[in-house]
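These are the structures in question, set out in turn.
Okay, so subunit A shows up in both of these, paired with subunit B first and subunit C after.
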Partner chain A sequence: MLAYIVRRLLYAIPILIGVNLLTFALFFMVNSPDQMAQAQLGDKHMDPQAIEAWKAQRGYDKPLFINDAEDSDGLLTDTIFFDKSVRLFVLDFGKSDEGRSIAEDIQQRMWPSLAVALPTFVIGLAVNIVFALFVVMFRASLFDTAAMVACVVLMSISGVFYVFAGQFFFARMWNLVPISGYLGGMDAIRFLILPVIIGVIGGIGSGTRLYRTLFLEEANKDYVRTARAKGVPELTVLFRHILPNGLIPILTSVVVVIPSLFMGSLLVESFFGIPGLGSYTLDAIQAQDFAVVRSMVFLGSILYIVGLILTDISYTLVDPRVRLS
Partner chain B sequence: MKSAQIIYKAMACIGVSLLLQGCSDDSLSRAINSPHPAGEDSQQVVYYSSFSQRPKHLDPARSYSADEGRFIDQIYEPPLQYHYLKRPYELIPSTLTEMPVITYTDADGNPVAENDPALAFSTYTLTIKPGIRYQPHPAFAQNDQQQPRYRFADATASAGYRSLADFTETGSRELVAEDYVYQLKRIADPANLSPIRGVLAEYIVGMDEFAETVSEARKQQQESDPRYQQTGWLDLQPFDFAGVQVLGKYQYSIRLKGKYPQFKYWLGMRFLAPVPRLVDEFYHQPGMADRNIVLDWHPVGTGPFMMTQNDPNEAIILQRNPNYHDDRYPSEGEPGDAEHGLLADAGKRLPLIDKAVYRLEKESIPLWTKFLQGYYDRSGIGSDSFDQAVSVSSTGVDLSPELKEMGISLSVEVVPATYYFGFNMLDPVVGGQSLPEAGQPADPEAQEQARERARKLRQAIAIAYSEEDRISIFLNGRGETAQSPIPPGIFGYQQGPEGINPYVFDWDPTIRKEGSDSVGAPVRKPIDVARKLLAEAGYPDGRDAKTGEPLVLNLDTPTGGGAASAQQVWLIKQFKKLGIQLNIRGSDYNRFKDKMRSGNAQLFQWGWSADYPDAENFLFLLYSKNGQVITGGSGVNASNFSNAEYDRLFEQMKLMPDSPERLALIRQMLEIYHHEVPWASGLHLHSYVLDNPWVRNTKPHGISTATLKYMGIDSRMRESLRKERNQPVWSPLWNVGLVVLVLMIPGYQAYRRRQNQRVLVSPTAKGGHN
Partner chain C sequence: MEMLMTVKPVLLWSDWLIFLLVLTLILFFINLGKNPVARKRWRSVFASRVGMASFLVIVFYVLIALLDSMHFRYPLDKLEGSDEQHYSQEVNSLLDVVLEDLRGHDEKTYSSPFAIHSFSKENRTLENGQVVRDYPRLEYAGSHLRKHETVGSDVFERSMNALVVGLGIALVLALLIQLLRRLTGKQASAWLPWKTVYLTLGGLILVTVWILQVGGYYHILGTNKVGQDVLFQAIKAVRTGVLIGTLATLITLPIAVILGIAAGYFKGLIDDVVQYIYTTLSSIPGILLIAASVLLIDVYIETHAEQFRLSAERADFQFLALCFILGMTSWTGLCRLLRAETLKVSQLDYVQAARAFGVSHSRIIGKHILPNVTHIVLIALVLDFSGFVLAEAVLSYIGVGVDPSMASWGNMINEARAELSREPVVWWSVSAAFVMMFVLVLAANLFADRVRDAFDPRTVN
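Right, the complex of A and B next:
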């Protein structure tokens, strides 16, 4: 298995170079270093000397890909692309275009992101599974039909609506939770209740439908029929027989997103004022801060690759028939 | 099985502890929807506000935006400040003993009179008050040998200090003239990227030379000094700056080229606040920047407040500076201030509050809700909540009954800024200022004809473009049509029939202005006048008289769809009144800026907010030497307007103090502006701010943001009203729980039925029960 993991990690390197190249090309097609400097320095009393100094301080005064002024050694290495990309592979994110340490910012902001994403993920998964199992228990009944209609309705409603409705009722009308914001420590709990509830409700429709399909497939198998024939109670059939076997395909969709939880949610963090990595990325895009955008895209790619590898490994753990080679 | 039980027990323990946390004494003492930590305002007077964008720069050499000013203007003290209550805006000493003493000399250094043509230099001598001390800060902490306590040889030595709070020892020291001089050197140093370096270098003697010397020194250090490569620290003190001199412990001078009366306003801005060399050195130590421990993030000043928390992910907190010098609330203001209670705190020591907490608030709805709940003391009015907050009637603008009942008050202020719809005067169709093709001789007559055609076209558009409708439809009436670049409140602004643009408006003396006793208002000229002008310009009914082709004009804009598209449809209709086709060319902001810089835009929308309250700061928007194209994009004259007479008058006017003579020159300049119509229209925005009833002394100040020290808060009233406004409503939750329980009963019954169901298998049945 170790050889497999090493091989997968080596495969990741060209993927990451490609992602980085693509991000770099796209960003510089929209922004020149001069424009980035102007955006950071502001329009009022723009000083050409300040623009040059800003570029020099951040290494944007070099050519993008090829430095004709250099000999063979510096032809490719003394360029913006090389400067900004190679360091990423040792997780040296450098400084944002505002001049702040990106690594420090990521360290600070990943905790609020996790504080929202982790409970939403865990509770959402549990709720969806339990709800899907109950729907399976009453399959082909009026309850099943009603539940599926409800799921479709829940899926059809925009996430922003849940946010507004939740904020309006829970925070504004009933004064039960703060409408938005974030505080560190245990105070964070009060601010997380509403976003987590909304995150869970928002995911019920699609989650339940998917898991119901998977569980129904299991429910029609011979070993389940045998258990029932032996007189095993329905709840035991569901939770002891169907659930463990139904979890295998669920793993594929679940494990891959676990590492990405660090990256936060753009929507929830933005509307609830939670200072996580999702809002960090959004702010950077709005401020045209290429250094931050590039770092976050790179980090997201790494986490996705790690997620895929973890998925493969988890297969071997839950299904002894699968072997990595 | 045993491990499962352990997990269940652990989870139960966590749940109980969380519940206990939620029901702790602190928590019970406040409403459960409070966004603030418990006990934050129990022992001190706290002002609660919010910010939507984290401040980019808190270094006084770099910070320029008002969003940043609301924080650092409370921390840093420039030599001058604005009187809080008096209008028109008045500069008074801040850290100075008196207003700067200005002397004038000729090229040889001999004293000359203010209006002497031989005047070559102006020297400002500034004397600061003794005894002013800096806030407590680790940069001033000393060891037993009276040396700086925190000095690190390398990044490893400083590695234990992750944030400024890790520096447990602090110190302070007296403000001296050298600190002001050091800050001027920082501004002059191109490495500090000060946005005003270019402007001040035009006036302060030796600034460019200083910049060159320092830049050269930095280059050398970069090549030879490993510590410099790591920290970027260069001691600016030894470098000579010819125009800025320390005259004594409390006195320094600034020497300007020629005469620049507006320089006094720069002395009232944060850029010229003091920064000690000691502080600069403290922040330039190995490893500090990697942990964001920099001056740009952690300001150090002598002002009424100090920044004790700068976590823009959560909150920015300003705490009263314990070393703040004796400063008193003003005892005089303008007429009406006493009646509005603005002199009730006269003579009291400032600041009136202990702490200001600004929380991150990106969305307008939560911000508005928290204001209504009493968790923020003040709020602007977003377009989402405008109808809920304000009612516009025939008597003017008034608060809604709901807000009045809550004791909330409204203050309206005209923002000292001008937003305009401009023409690019270099465009051959709308400007006519463009130069002849290279190699071709200029034909003055043809050029004059082209200019005249373009001028009439501009006038026609100016009449058709109804700024009043735009303000009413898109800005909820929060603004007024600009008759000139100068906004109300600035010397040179003219009300009444004399102030209107006579080429676009007529004065109707019979109209009574809403909410005012004054009679008469400007009325836009009939559209037929515009059509006639358009025909004279060679475009009858919006078609080229020679070719018959429709006239198509292009508006370049950095905005895209959404709310902007509604405005764009409205804009197209304005031009349609004349039969002109308006083509809107949307692009991203960078492309838009490129077009403006290269003179390729035709029509555009732009704006300018005042640096200081002087007509020069607005009339220079049309000074030819400030043209965007000729300055490569750094100029403020976005229209590239060029008029020799206007330039001559501007150069004369800018050197004069406010006087009837200056006013006469301004009138002449405005007459040129009205006649030439470089802008189709303009507007001055109104700012609406709401105050909760426990807030006092919130008189709007259009120029200065250093007003926090005057604000007062009645904490008891706030506490009481907050409780009243935030009673939790639990019944919906109980109702939901009840409904769930009721729904579970038939579910349970169905489950039981299914469990107890007898399965009868007939001999003919092929399948089993699922």
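Right, the complex of A and C next:
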């Protein structure tokens, strides 16, 4: 198992290099370091010296990928790409183009992101499982059909609509919660209620439908039929047989997103003005702050890969037949 | 009509693509007759009432999108002493001509649905020189009304009129279909849910006729900030929605199919490379990739302004780029599925036998593998469609969507940020966008379910 995890982590290195290459290529395809410097310095400091100084200070004064001027050992290493990528691998995010420490920003903004994403994830999962179980209890009935129609309708409504409706009714009409914004400490709860509720509602349609299918698959298996034939009460079958076994595919399928919860949700955070990592990234993209964008993409990729590894591990935990090799 | 003879047609890149797409789909359906298994599965899709009704609604949306994809520029009046013909910088479409009454009647600013007075007060000088502050009459909406006529009775009269005309058209159409069925033999098409067909077609025709009849006299869904008819904007946005739903998958479909099948069939090094590519791409958070790419394209357009002579061309380029990026974030899933399925299929005995006989790789892939994995492509296509339509709204809302000059539901929703905080609330523009989008996405979701039920081997019994 340990050997497997180590190998997976080693395999992550080429992937992360690829991610970095892609972000670099995308960014510099249209945006030369000169243009970045101009955008950051503004029109006032347009003289070439200021631009050169800006580039030198931030390490953008080297060639992008290949340094022809150097001999063989500096050919690939004395470049912007190598310089900036190697630091990322030891999680040294450096400074943003504006001069702030990215690592500090991330530490500070991680908590609001987590404060929204974690409750949304946990409550959403619980609600969806309960709903799905309820529908499975009344399977092949009118209630089942009606619930599935409701799910498709919920899925077809734009997520933005839930945000608008929530902000309009809860915040404006009934004045229960603030429309948007964020405060630290216990005050945060007031600001978190609405985003969490809307996040949960937005996911009910697809979640309930998917979990119902998984539970139904379980309900059609032989051991369930045997249990019923033996005269086990329907509720016992549901909670003792179908629920625990149906939970396995559900839980293993959501493990992959758990590490990414740190990144927060770009959308929810920008809708509700929550100063988390999602809105941090969005602001950086709009300000063309390449250092921040690169760090966030890198962090996101790492968390995703960790999620994949956790998924594999979770398989072995719930199913002893699975061996990692 | 005379004007239409002298116009200069404009073919945007997305126009090319949508016509190509519709042509491929038609060829695909004609070709379907040859494969009895596929025909049986499609039959089960269209035999269900939900499948048929949602299909007709989708076709209705696609027809609007097609009508809106026939672009042209009006000629300008010739200059004194010059024979050279110049054309307007504005690009129009056939849909603009059909909805001329809705398009041309721009008011000054907001007005609510069916209103004949403006939404905000204005200073007005009376004949005796006195200045009063009240709601001015709208320039176009209800301007035909005589003194004692009320809006309610007039709208009712026109609606009844539209009802009669609409029912007439629907009846003629129904008779034509019946006649056609008699001629081809009634049994042949008895499996279709005809009642649903007639009801859906009738409903769509009634709505269309009603909009054309009443929309010229009132703003059925009000007007937006600059006085444009909201209903017209919402209809214009159909093209954006339909195109983004289809093109986003289709542009990157070849990549997914080629790489997926190659990886599963050739295995070895090719498999490793392909797996590396899609793991790398899918490990980047999708929305980040989209947002970053879109903003980069903005920069590209700014620095290469000379390549885009018309503003419509610029918007079109940005739109296609958005489709491509959306596709880029989604093809990896399809690629993974195709690889797994190809791995499975190429282990089957008849493929092994074909290999042993020395049949060429391209022939094995074309004849044996491709037909056996098409259902995966098809299911992915229909399932992704609604997701992309919804994604457009969200992306435009956070400012990384289509060009602001392009009519889209996302742009309409984006404007609602300011509208919803007004007092009283301007609700009609954003509601129109949500409803139009909801109908399309619901139809697409229902249709996708039917297609999946019919084609997914796990659900086919």
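One rule holds in what follows: the second predicted complex is superposed on the first by the 316 of 325 C-alpha atoms of A that agree within 3 Å, B and C clash if a C-alpha of one lies under 4 Å from a C-alpha of the other, contacts with A are read in each partner's own complex, and residues count from 1 in each chain.
Everything that follows uses one rule, which is that contacts are C-beta pairs under 8 Å (C-beta built on N, C-alpha and C of every residue); 3 or more make two chains touch, one makes a residue touch a chain.
Remember, it's a predicted structure, so these values are computed and weren't measured experimentally.
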item: Fit or clash - subunit C, subunit B, common subunit A; value: clash
item: A:270 touches, of subunit B and subunit C: first, second, both or neither?; value: both
item: Contacts of A:285 with subunit B and subunit C, given as first, second, both or neither; value: second
item: Subunit B versus subunit C as contact partner of A:159, first or second or both or neither; value: second
item: Touching partner for A:177 - first (subunit B), second (subunit C), both, neither; value: first
item: Which superposed partner A:22 touches (first subunit B, second subunit C, both, neither); value: second
item: Partner contacting more residues of subunit A (subunit B vs subunit C); value: B
item: First, second, both or neither for A:13, with subunit B first and subunit C second; value: neither
item: Against subunit C, colliding segment of subunit B, chosen among 326-334, 344-352 or 560-568; value: 560-568
item: Touching both subunit B and subunit C, residues of subunit A; value: 30-31, 35, 164, 167, 270, 288
item: Touching residues on subunit A, where the partner in the complex is subunit B; value: 30-32, 35, 38-50, 53-54, 57, 95, 98-101, 103-105, 108-109, 112, 134, 137-139, 141, 143, 164, 167, 169, 171-184, 186-187, 189-191, 219-220, 225, 228-229, 233-234, 270-273, 275, 279, 283, 288
item: List of subunit C residues in touch with subunit A within their complex; value: 276-277, 279-285, 287-289, 291-293, 295-297, 299-300, 303, 386, 390, 393-394, 397-400, 413, 416, 420, 425, 430, 434, 437-438, 441-442, 445-446, 449
item: Subunit B - residues contacting subunit A, complex; value: 18, 21-22, 31-35, 37, 54, 56-57, 64-65, 190-191, 193-199, 211, 289-292, 294, 296-297, 311-314, 359-363, 365-366, 369-370, 373, 588-590, 593-594, 611, 632-634, 636, 726-730, 732-733, 747, 750-751, 754-755, 768-770
item: Residues of subunit A defined as touching subunit C within the complex; value: 14-15, 18-19, 22-23, 26-27, 29-31, 35, 152-153, 155-161, 164, 167-168, 260, 263, 266-267, 270, 281-282, 285-286, 288, 293, 296-297, 300-301, 304-305
